[in-house]
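One chain, chain A, links the two complexes that follow: it is found with chain B in the first and with chain C in the second.
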Partner chain A sequence: MGALIRALAARLVQAALVALLVGVACFAIVELLPGDQAYRVASARYGEDMASGKAAEAVRAELGLDRPWPIRLAAWLGGIATFDLGVSLVSGENVAVELGHQFGATLGLSLLALALSAAVGIPLGIAMALRGGALDAGGLVVAAALRATPAYLIGLGLMLLIAVQWGLLPAAGYDNAAAWPLPAATLALGLAAMSMRVTRDAAARVLARADTHFARTKGLPESAVLRRHVLRNAGVPVVAYLGVQLVWLVEGVVVVESLFSWPGIGHALIHAVIARDVPMLQGTALTMGLLFVALNAAVDLLCLAIDPRGRRA
Partner chain B sequence: MSAAPMLAVKGLSVHAGGKALVRDVDLRVAAGECLVVMGESGSGKSLLAHAIMGDLAPGLVARGEVSVAGERIDALTQDERRAFWGKRIALLPQEPWLSLDPLMRVESQIAETHALVAGRDWANAKACAAKDLGRLGLSASARQLPFRLSGGMAQRVAIAATMAAEAGLLIADEPTKGLDADACAGVAASLRAQMEHGRAVVVVTHDIGLARALGGRIAVMRNADMVETGDTRDVLSAPRHDYTKMFVAADPAKWPRPVAHTGGAPVLRGESLSAARGAKTLFEAVDVTLARGEIACVQGPSGGGKTTLGAVLLGLLPPQRGVVRRADGVEAWRYQKLYQDPVAAFAPYSSLRMALDDVVRLHGGEWAAVEAILARLSVPLDLLDRPPSQVSGGELQRVAIARALIVDPVFLFADEPTSRLDPPIQRATMELLRELAGERGLAMLLVTHDPDLAAAMSARDPIRIG
Partner chain C sequence: MTKRRTVILAAIAAVAISGTAMTPAMAQDADRVLRVVAPWEIGGLDPASSGHIFARLQVAETLVGADDGGLPVPSIAQAWTASSDGLVWRFEMRPGATFHDGSPLNAAAVAASLDRARTSAAGMLVNAPITAIAAQGGAVTITLSRPFTALPALLMHSSAIVLAPSAYDANGKVVRMIGSGPYRATLVEPPLRVELERFAGWWGPAPAIARASYLSVPRGETRSAMAEGGQADLVYIVPPEAVARLQRNARLDTRVQPIPRTRVLKLNAAAPYFDDVRVRQAVSLGIDREGIAEAILRSPAVRATQIFVPSLAEWHVPDLPPLDHAPARAKELLAAAGWRPGADGILAKDGKRFAVTLRTFSDRPEQPAMATAIQAQLREIGIDVSVAIMKNGEIPAGHHDGTLQMALFARNFSIVPDPIGTLLQDFGPQGGDWGAMNWSNAELIAALTALSGPIDAAGRAKARGDVARILQRELPIVPLAWFDYAVAINRRVDGASIDPFELSYRLSAMRWAR
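For the complex of A and B:
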């Protein structure tokens, strides 16, 4: 149990640091962006044509943008600490409420993509390690090609082919189940390429080990050797690598959501940047960061579940 | 019962490329009997065992006849031979510590063979595993993971897992290496029990005591050939072949006794050291002082904490109580350790030459000096181009010794450094280490289960642990 508590405590500290860093960084980014903040907000709110100097002054007064920056920063950080994320400078809506809607969309997409990539990448990687030969060589080439292709290119390719050319699925939207496969597949392809590669290397290593050989000479049938020994041992590096894949996932979510107009956190983040909507920017970045930490904590727990060696000491 | 012996081998050879590693071996072992295979390290004993089992590494080719209970198996396909594994031929591997699944609890690794090989239902299989562990004195470790086992404990677990399905032929590759006298007697007793159950037993060993205890017949191998066979007790008491004579004469009990060490500045001093692993106290208030060039021995039961003492002395594990002091002005890396398990000391996929060369370059040593040491240890240089998995256990152990000596150590914690060596090479190795102690002032703490070896290496009373 000690290791479990330690792992969770470390992630909790990480979450607090993420919150602090995001708060300060978001604030600094917007301070350093060129152009007058109040004016940008006014034009985002009332439209480019309606944004007059007067409207900007009104916004400045309403949001306290004329206070000195240390005071505004302190107010922001205080807000984060009390989970009061303020109101969107653009829509005037409560940020936490908006995030609540978007979070479901992003979490669903991320989990679906992770599940898809595991369902494709792990069995393929194991098959490559077991069979070798052409399957292995071909798989490695495909994995390398997929990994070298940026997510937006994969997404565009899928969109053009499946949505535009064949008309099988909608290119954008969120409302029905048909909208899910394309963005999820875009995210999953890159992830699957990585897990296939890692699974293959891990399985090949375990298959060549003395303990696997002993499992065979003890007399276990090959299916039991794989099921009881190889899979679990190969699973240790595969799950540990999930932590690395999460970085890619968080990046990919931002790109893919924008590409497919997916109403999630990543999409909202890009919009917040364009509109210089500090509370929204901060809220979305914070949510992404905390989602990253939470998924990593889940990976930690999974690691402890698979590899009992770390549980004590 | 048919008249056919449990194991019959005729004209068996093993080749790697054009090189013969086992040449034209004939063997017969009847049910209830025992054959001891003894001989030089690297002479092909383990390969002979694998050729009978049918699990030679890729690149090695076996030729010749192998029959089990009258049934020819040498021409069978790999899958057909595999059907014999565990059920009719059981092989206890030379490195059990590496052979256990690091993520599976000890009891499950035994229970699964009872269930999946012997075909018992799981509840029964678990009960059988618990009984096996009790018989081997390992009940307390049933729920542990292999990394918490000592080398000797892992050996016993592997024996239980190997024999769960009660195969008629048991091949054991050095079952007593690194075990203390009690554990050795336990292994000998359990092998004899297997014979009494009507099984044929083939034991590869360097341990003359084990050979005597088992009796039966003996085959002595050298350089891929079987040079002498006969009744075990006769051959050991009146060897005919020169190599066998040398082998028997190299018994540590017959080495000249050392003189007491005097003088020299202290290299390492451990004062009232205590250590524990988990909740279990391993040793308390142990004092160790070594002067330059001095050799002392550590003895104690298997799993008692000898290796842990080494970790404490080398600063790899903080002691619970007590302090360790080193000589001033000596670089930390000149305090060296020889692992009990030579395989664990090498990266599995790179060649041995690379492993040695890395150390030579890092410490500005000379390659010629390494080759000189390897020659003294009778290690053929051509095997350096192979990875550790493709050399014999004893060859790897000597390469590990050579590597530790490259950095000109002032202190060496040598954990069973000759456990995989035959007596003549063990003697050559120990003489080399003793010479280095005299010439370079190398201090050595030698862990050994063999009281004769301890007495031959140091006039000091051994430090007792556990």
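For the complex of A and C:
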């Protein structure tokens, strides 16, 4: 129990630090970037045809962008201390409300992608470790190729093949369940490539160990060896690696959401960057940072569940 | 979307991926949804920022509409008259018409909505000399401080859509999209999605299509995939590289229509580079518009021969000598203006190299490619151009702080259907954010002023011709290419037409073909 609390407490402190760091960093980046924020916000709000000096000056006055930066940063920090993320400079909507919508879309997509990648990558990895040979070599090539291909290209390829060529699934949109598989598969393919390799290596290591030999020698059927010895032992690095994969996932979400018109956090993040919409940028980056910490905490807990040694320590 | 729903959808999707194919929608017409896909995102409900989406979807209407020639036609107002001095305009309302919430679409509500639109700095009405908007009997009266013939055109702009009193909160902010058009919004989910349903109480003929949806898809590749995959019935702005492929698709009717938008090069006409008209002419002569239109825009016909597209029939001057590609002549003009080639082949004058920065932005994906083509072409005549890909706000910003040297963008000369509104903004005495910079011309200003007041037909024709001729000679901005608006229409839909002014998608006139 102590280990559990320690693990969660460490993640909680980490979360608070992430929040502070991300918020201040976002603010600093926008301050340091060249270009006039009022013009950016005006062009995001009113479009290129109507983004004029007059509109920019009206935006500057409305949002108080001419106040000195310490005052604006202090206002945001004051807000975050009371869990108020402010309002978007572009749409005027409450950032927390917008994030609420976007978070659901991103979380759903990410979880589906993780589940798909586990469903594909882990069995394939184990099969490669067991069979070796051509399957293993072929898997390495495919995994390397998938991992080396940008998510954008994978997504476009899937879209052209499955949506355009075969007409099986819609190319984009999010208004029905049929729209989920393509973006999720785009994310999942890159993830599966990695989890397949990690599973294969972990399983191969366990298979080569003396205790596995002993299990076989004592006469256990191969299925029992796999179930009772190999899977559990190989499970720890595989689950731990899931945490590392989240980086790829977060990065992938930004690209995939934009390609598939998915109304998630990644999509919002890109727009916030372009429009210099600081509260929205802080909110999205914060949510992604906290999501990262939360998923890592979940990975810690899973590892503890699989590996009893950590619980005793 | 709630988290719970997300999880359920995820589960359904996981089942779907196991190989279940979508079956073609065989539902009754009443349940069929016309799917519209376009690049524009919904940035909140402020009419100045997203009004164009709700106006095009016919959720909200303007006081007057436009026909294909840009002339005003009845919309919320069934008729209008102007006083003999041109200062008081009276717009008659339709008795019995209502907003989507059932409240009366009467003069008081319309006047209040327009009065709000008038205060927005980014709106269009701020450009009209309006002193008062009031309800008088069954009519809305608009009082001006001076005669202004473009008033109906300005009232067509999407920032002047009329919304119900219940659309606003106490501070006048739009919190619900409640208009009076043939479709009412049943769901508005910024930034990407709107769902629509036929509004039975509309004053016009009932639309044939009962339900429609709008999805913003910013990526051109994705939009063309949706058209080809049959997941969208109307796809606006097909990227140039996909047009030919979609035109070969038998299920689609892919139309390309010129619209009054011109891709131009804005030049800072202050010293030391573009203050001399010969230098501006040389830049124009150095550009191979034909090559750019063919190789980058994939449409040789869009090569601009003058600033106004032929479809703006009253402004386009057919006998104006076309802008040409003549590098040798360009070099002569530059030499006459005192620019001599240096050791590196780049021109110099008084020890100053002819090195300038061209700003453009990638929201329109063809622009960076055009900028680099121009970079290569101008190098041939001795001008060293660096290309800076920025965001579009950097162009008006650079205009104001004076750092802009050259910029490439596409200017819409029909933000409202009468180009005079845009021309007054672009070529006034101070120039304009998206127009002339450090350049003005008394003759042009006189022509534009005459055109915005009362003027007879012959005088109007002459003044418009003068505008095109002066701009062609002086080149404060250099026209490069006109603009094609490519729309892919699924053949399931009948009766589709393209609004050259982008005011409406005209959904209410469409029907299901099968």
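Everything below uses one rule, namely that the second predicted complex is superposed on the first by the 307 of 313 C-alpha atoms of A that agree within 3 Å, B and C clash if a C-alpha of one lies under 4 Å from a C-alpha of the other, contacts with A are read in each partner's own complex, and residues count from 1 in each chain.
Heads up, the rule we're going with is that a residue touches a chain if its C-beta (ideal position, glycine included) is under 8 Å from a C-beta of that chain, and two chains touch if they have at least 3 such contacts.
The model shown is predicted, which means the values in this text are computed figures rather than measured ones.
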*Should the pairing of chain B and chain C on chain A count as a clash or a fit in the superposition?*
fit
*A:Gln14 contacts which: chain B (first), chain C (second), both, neither?*
neither
*After superposition on the shared chain, which partner residues are touched by A:Ser43: those of chain B (first), chain C (second), both, or neither?*
second
*Touching A:Thr149, do we find chain B (first), chain C (second), both, or neither?*
neither
*May I ask you to name which of chain B and chain C touches more residues of chain A?*
C
_On the A-aligned overlay, A:Glu93 touches which partner chain: chain B = first, chain C = second, or both, or neither?_
second
*Measure off the angle at the C-alpha centre of chain A toward the C-alpha centres of chain B and chain C in the combined model, and quote it in steps of 10°.*
160
*asked:* For A:His101, using the defined touch cut-off, is the partner it touches chain B, chain C, both, or neither? Pick first, second, both or neither.
replied: second
*Nearest CA pair across chain B and chain C in the overlay: distance in Å?*
33
*chain B residues within the chain A interface of the complex*: 53, 55, 82, 85-87, 90-91, 93, 95, 98-104, 112-113, 116-117, 145, 147, 158, 161-162, 164-165, 167, 278, 343, 389
*Could you please specify the touching residues of chain A with respect to chain B in the complex?*
209-211, 213-221, 224, 228-229, 232-233, 236, 306-309, 312-313
_For a test of understanding, state which residues of chain C touch chain A in their complex under the given definition._
1-3, 5-7, 9-10, 12-14, 16-17, 21-22, 41, 43-44, 46, 48-49, 52, 121-122, 124, 126, 159, 173, 189-193, 213, 215-219, 221-222, 225-226, 228-231, 363, 390-394, 396-397, 399-400, 409, 411-412, 415, 425, 432-434
_In the complex, chain A residues that touch chain C_ = 35-36, 39-40, 42-58, 88, 90-93, 98, 101, 103-105, 107-109, 111-112, 115-116, 156, 159-160, 163-164, 167-175, 177-181, 184-185, 258-261, 263, 267-268, 271, 274
